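Two complexes come next, and they have one chain in common, chain A, joined by chain B in the first and chain C in the second.
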Partner chain A sequence: MTLRGELRRPMLALQRRAALGLRPFTAPVTIFIPLGISLGPWGLGIISPQTLAHLDVVVTLALATLGVFIGVAGARQAPAMPRLFAAASLEGVITIGVVAGAATLLLGTWGVPLDLPAVAVALTLGVCASASAAPAAEQGGDPEHEIASRVADLDDVLPIVLGGLVIGIANPAAPVGPVAAALAILVGLGTAVCGWLLFERAEGSAERAVFVLGCLALLGGAAAFAGSSPLLAGMVAGWFWVIAPGESDKLVGGDLARLEHPLVVLLLITAGASVRPDLLGVWLFVAYVTFRLSGKLIGGWAASRLAPDVAPSNLGAYLIPPGVIGIAFALNFAQVAPTAGGSVVFAVALGAVLCELLTLAVVPAVRRA
Partner chain B sequence: MRRPLALALAVALTWLVVSGPAGVGALRPTALAIGFALIAAALAGSLVKRFGLPRVTGYLLFGVVCGPYVGNIITTPMARELQLINGLAVVLIAFIAGLEINFARLRPQMHAMVRFGSITLLLLYAGLFVFIWLAWPWLGIAPALVGLQKLAAAGLLAAVVASFSPTVTIALIAESRASGPVSQMTLTLVILGDLILILLFALLMQLGRFAFGGSGDVGLFESVSWEIFGSFAFGAAAGGIFALYLRHVGRELTVALIAFCAVVATAGRTWHLEPLLAALAAGLVVENIAPPRGDMLKDAIERSALPVLVVFFAAAGASLQINALAVIGIVALAVSVVRLLLIRSATFAAGRYAGLPPALAGWVWMGLVSQAGVTLGLTLIIAGEFPTWGSQLQTLSVALIAIHELVGPVLFRSALVRAGEVGRMDTLGPPALEGVPLDTSDL
Partner chain C sequence: MEARGNGRRETRLLLVTIAISAAMLFLLARFRFPEEAAIQPAATAPAALDRLTARAAYDELAGIMAEVERRIIPSVEVVPIQTASGMTTYLPAVRITPDRAITLLAPGERVTSSAGGEAPVIVARDVARNLVVLQVASRPGDIVTPRGGTQRPGPRYVVVVDATSQGAAVRPVYVGRTDLFQDPRTGDSMLSIASVQQTLSPGSAIFTLDATFVGLALESSGLVTVQPAQILMAAAETAPPASTDPGDLGITVQSLSAPLARAASAQSGVIVSHVDPRSAAAARVRPTDVIQAINGVPVTGVAAFHQMVSSREPGALLTLSLSRMGQPVTETVAIGAEPAEGGASENGGGAVNAGLILQTIRGAGAEVLAADPGTAAGGAGLRAGDLVVRLGDKRAPEAGDILKAYAAARAGDALLLTVRRGTQHLVLALEKP
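== the complex of A and B ==
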């Protein structure tokens, strides 16, 4: 067999794994976080601290882009499925409550010196923990799986709003929480209107791509510079583009699809390279993984009361894969509070890898049941 | 109405964020600067296009108006952050230029090009040197210099004033999708001309060191040689690897292209290579040795080139020191007029000697007016080496760049329009001059 053929065999095996509905270990988080760690300052040092500082712009852009995705998904699905939206929000709130409550208690008990309120760190961990990325369901496939996917799509909305407040609390240079959140909403709306005026009248796809990229950078950059959350600003813009007259959301979606993959890869590599092992990070990692799992299971159980056609014990299991939103929010937190943020990124990034690996065991078991 | 409204909204939003009390965040304003520049400069570009001007002029004007020296919406830190994209942009632009130079297609025209280029450069440099020598007391640089010192200083200034801007030329050709004898001739002349001028500059620096009592070592000459030949070698290797990627992987080309540009730009900085030359060599290798199949590279370039060009020229506009014009405006204007006249007459004479059609020489000169990064780079070397008079020379040079960076693109675009080459890059078949009764077999 040729070398090419040899290489194709494991890839085909992986594809079959995915086709069978198993969560393959090729999930981006499990590939690119370790890659980032090995390339970063604590690994081979190819990504130096200076390069990491330059990658701040990528993080900001990725935050705004993810925000737009969530806004678009929320605006399309939430009004059509209010019960699922309520279920997803309930699950998110419970996970945040469990993780943030436990973290506050533990941080108080450990007596770790922090340069910002312990509640801000705890809430950040909670917001990061609440994000889920259930494996995408196939068309006409398992209805339970499909509901879990929709809940995972919608359970990011409330945490992002709460995250907007947390960024305000964590950033000493920013206005207080509610003002910071209001600023993010203002930036989101202003940029969204600007984009809405431009996208449909662009002279060709190249110019529209410039406008879309410009809006994303403005969303992220203006929100970050104003000391507020680029994720929230992006979500507001995405929501606006769906409800505004015209086809802005569809046009943006086409261009975002091209950006999504490279941005997510860069975001995860940046997160991996930003991992800085310290004692607080290790403690937070243990707490994060333990209480995130508990929060998801309790939250999933509670949410299943509002979401029909899904077994209470299964929904939480489906929501264990964390995806990239939590990692993105941890990086956002690290931008405004670098000292504590380093420990949070450590906990959330490694926690995400572990949760993804756990999913390999948990989700197939749920599906068999 | 929608575009002005969107422009006003982007300006207002950025102004609010930048001037507001919240603008004290620890984060660098890179994303904000890029976002604002992309939207507002692109809109300014489309606005000036309605008046028949190149979009590049709109991007530059936007940078000047909103930049730290005029409107200050793009503050000094934001302008500095925008410069980060420069390395990437220069590489991408030069790579596109390399892709446009196909030796097999150029071979029949090479002889005429070499004759035309060498005579143009010789006449331009000689004319400028004589003018600078004669006008030296009035240039405000170091009127007291005499003899060998004056010879070296005037020679260096002539090299700076004669230099061209490959980036502006390439960007305008790419933006106008232009193809044909005028764009081809201008591009070749600008690139080869700058190469020769850089070598001449290195020799004159040695003379300057000797004349001003320095060591006169060969360090600069060696480093320039390394920059030129090392850059070509590195670029050729990088181009070969990229060609292999195109041929055997061919996926995620936009990302791969940006990553390739970032690697070449970073390697250039790290190994003291010239990224422009390296990327040019890479483009030449891809185009002439291992051309990609289909349009995949063209599509990837189209997707990535426009945003990079918009930010690059907006940054260039924002960094244009308009105040230098106020200091030395009249002198700079006089030098600029002489330069323009010399370019015009040198191309005319060279065109006749090389047997080119008068119309071609009559258009090519318009593409030689722009000045930007290369000129500034040479100026900074002089200012660093000879601080006593180099700083005055820098003021004059910056003022000249301000004039030529604004006037040059307008002239070159006008030449491309008149030659009927705008938009021809997308059409198949050999380029030809439209409406001009000439035999292009010699080109």
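== the complex of A and C ==
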């Protein structure tokens, strides 16, 4: 089939799916980011800057929660599928390299006046870009789709660790990058140990829910107070609860499942409301979308070559939907570096919407069939 | 076969993407970010927890200020000051013992009395630091606590205490950056607080939010700095007793502007605008003399002149290198010595009692620089800016002529002054009470 023909088919599919109200228009990012923009200060103004300031705390809590989910998923899947984990990490590193490299080069040649090192902004874009959210595979469905979902879970681990360093670099009030990351790990471990000692001793589900929520608040709050990454702290805690004796991970997972969807919705609406017109944001948006796409395809291609027996050859195409983690990390960056962070949130949030739409254009033929 | 086909498709798509990305990179790298679109600081607050704590900041600060004011005000005395130009201002004096308070008094300034009260007595003076120790009404318990060492108070709010005619007033000032530097005159460590440069008046007292005394503001070379509390309190303990106001030559000087320098045929120094006729200098120094050096040290300006004079004890001899109509002259005068003819000095009699500060304008008369409303000058209707063009029959009298005549007059006598005020000509009677 010619390239023109290949491009026409997804467009037809896009039209058909849009008419049916199916993906990508039902993806949370494509609904809640525009909703947040329309409700935010630059839209109807229902979410005022003051409200956004209050929501900042919820964002911190959501970051810690997402970190726990990623930690739990990583700890369960990585030891069982070390080659897939390595492939996913390689894909993440390549995406970060492509996006951060291009952004560093462009920020230098553009001569953008930034109040923090350009490499911190570039790495943030790279970390945001590396997160993927392949849609959950159905039971007994497409095996490539299932593997892509696992890769999407695993490829967040390394970027989150790197993100812990970036937060340390970008935050003027924080210690240097490695120390900030070490602090996040310490906060995560300390809180995880407290939770581990408490969860199984709870006398009822209500008491346990209080312990879980308390641990989450402690994870997010302590990490933010220390100027480090709540995502990293949450991931370390989640990882610990899986490898620690007992059933802490299952207990936490059960309780957090109730929080997951409301927090994701709130996170996306907050991200949308945080989007403000910004020239640098527009410039970064163009670079972000372009190089994320190429980074994912190159990374997916390389990962499938590293583990051809487990990773499909068209893995990169599955990983184009960005999901929530990248947006969450952009919000985390905006908390510590509000000036440049506003531009990054603009680029990443709108880039996520566009990437969801682009998913159909490059979606593997097997999914369209 | 299908897998191979998919692989080829992916590789083709990958190559297309890489080509598009490289082209985009090349294209994007050709742009320059417009300078006028430099990113503005975001209006949103910084860190997550900071936003939580910042919510009640204004109310909280107001509450803290009320508490600090309650603790600080009893330990601050408001002292009326007469400046060199005759203006009355106020300075806060900080109580370091139950009956002693310290403040910074610039050269040429003197403590005066408030309405219906007596002027506080200066009991000790550290000339190098312009520090004076005042005797104040005893109030045990209202003593400031000095801040330890020379720690830099920032970033945080500090409390600045200013003195007004209504009493002491406190205000919060956010200090973002402070710097330590060494005072070249004393070797003391001084604080420079960038954020209050524009709003800090010399003499203002600075406290922390927990009411510990940080220091006093001092103006030096146009820069307002803070003399730390511990250094001030140590200097106050060792300051020599002040029996008289030191360093009063009875000479008023002004800067040597370019026109004055040309007219006086002098290149540097300060020009004498008035010589107290009752001072020791009256017989040796004349208005329009240019003081170029004191004891061989060049005089660089009015502040330097006051500093050099006031740093000597009364009775000390000063050798003045003068330029008198272009001719070098050397005169030796004693500081604070009584004038040869007797009578009142500037601090003790005639000029001050007349309430007049005059400046000779050669060939035109004497200009009134200040006329205290509560004195004979005020009673006569003299105002600052008036030009006395005639004293009795004498045309274009010098300042010294008027002050001498006033000093020589008996109680109840009056001097007849012809005054030009703008375009008006007036005759006024300066009566000696």
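Throughout what follows, the second predicted complex is superposed on the first by the 334 of 369 C-alpha atoms of A that agree within 3 Å, B and C clash if a C-alpha of one lies under 4 Å from a C-alpha of the other, contacts with A are read in each partner's own complex, and residues count from 1 in each chain.
As a working rule, a residue touches a chain if its C-beta (ideal position, glycine included) is under 8 Å from a C-beta of that chain, and two chains touch if they have at least 3 such contacts.
Since the model is a prediction, treat every value here as computed from it, not as a measurement.
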Which superposed partner A:Leu279 touches (first chain B, second chain C, both, neither): second
Contacts of A:Val210 with chain B and chain C, given as first, second, both or neither: first
First (chain B), second (chain C), both or neither touched by A:His261: first
Dominant toucher of chain A (residue count), chain B or chain C: C
Partner chain in contact with A:Thr109 - chain B first, chain C second, else both or neither: second
Partner chain in contact with A:Gly227 - chain B first, chain C second, else both or neither: both
First (chain B), second (chain C), both or neither touched by A:Val336: both
Chain B versus chain C as contact partner of A:Leu84, first or second or both or neither: neither
First (chain B), second (chain C), both or neither touched by A:Leu197: first
Touched partner set for A:Leu218, first chain B, second chain C, both or neither: first
Contact residues common to both interfaces of chain A (with chain B and with chain C): 53-54, 56-57, 60, 171, 173, 220-221, 224-225, 227, 335-336, 338
Footprint of chain A on chain C - complex, ascending: 3, 6-7, 9-14, 16-18, 20-21, 24-25, 28-29, 31-35, 37-49, 51-52
Residue ranges of chain A touching chain C (in the complex, touch as defined): 3, 6, 49, 52-54, 56-57, 59-60, 98, 102, 105-106, 109-115, 171, 173, 220-221, 224-225, 227, 278-280, 283, 286-287, 290-291, 293-294, 297-298, 301, 312-314, 316-317, 334-336, 338-343, 362, 364-366
Partner chain A, residues of chain B touching it in the complex: 2-3, 5-6, 9-10, 12-14, 17-18, 20-39, 42-43, 46, 84, 252, 254-255, 302-303, 306-307, 310
Residue numbers on chain A that touch chain B, as the complex places them: 53-54, 56-57, 60-61, 171, 173-175, 183, 187, 190-191, 193-195, 197-198, 201, 203, 206-207, 209-211, 213-222, 224-228, 258, 261-262, 335-336, 338
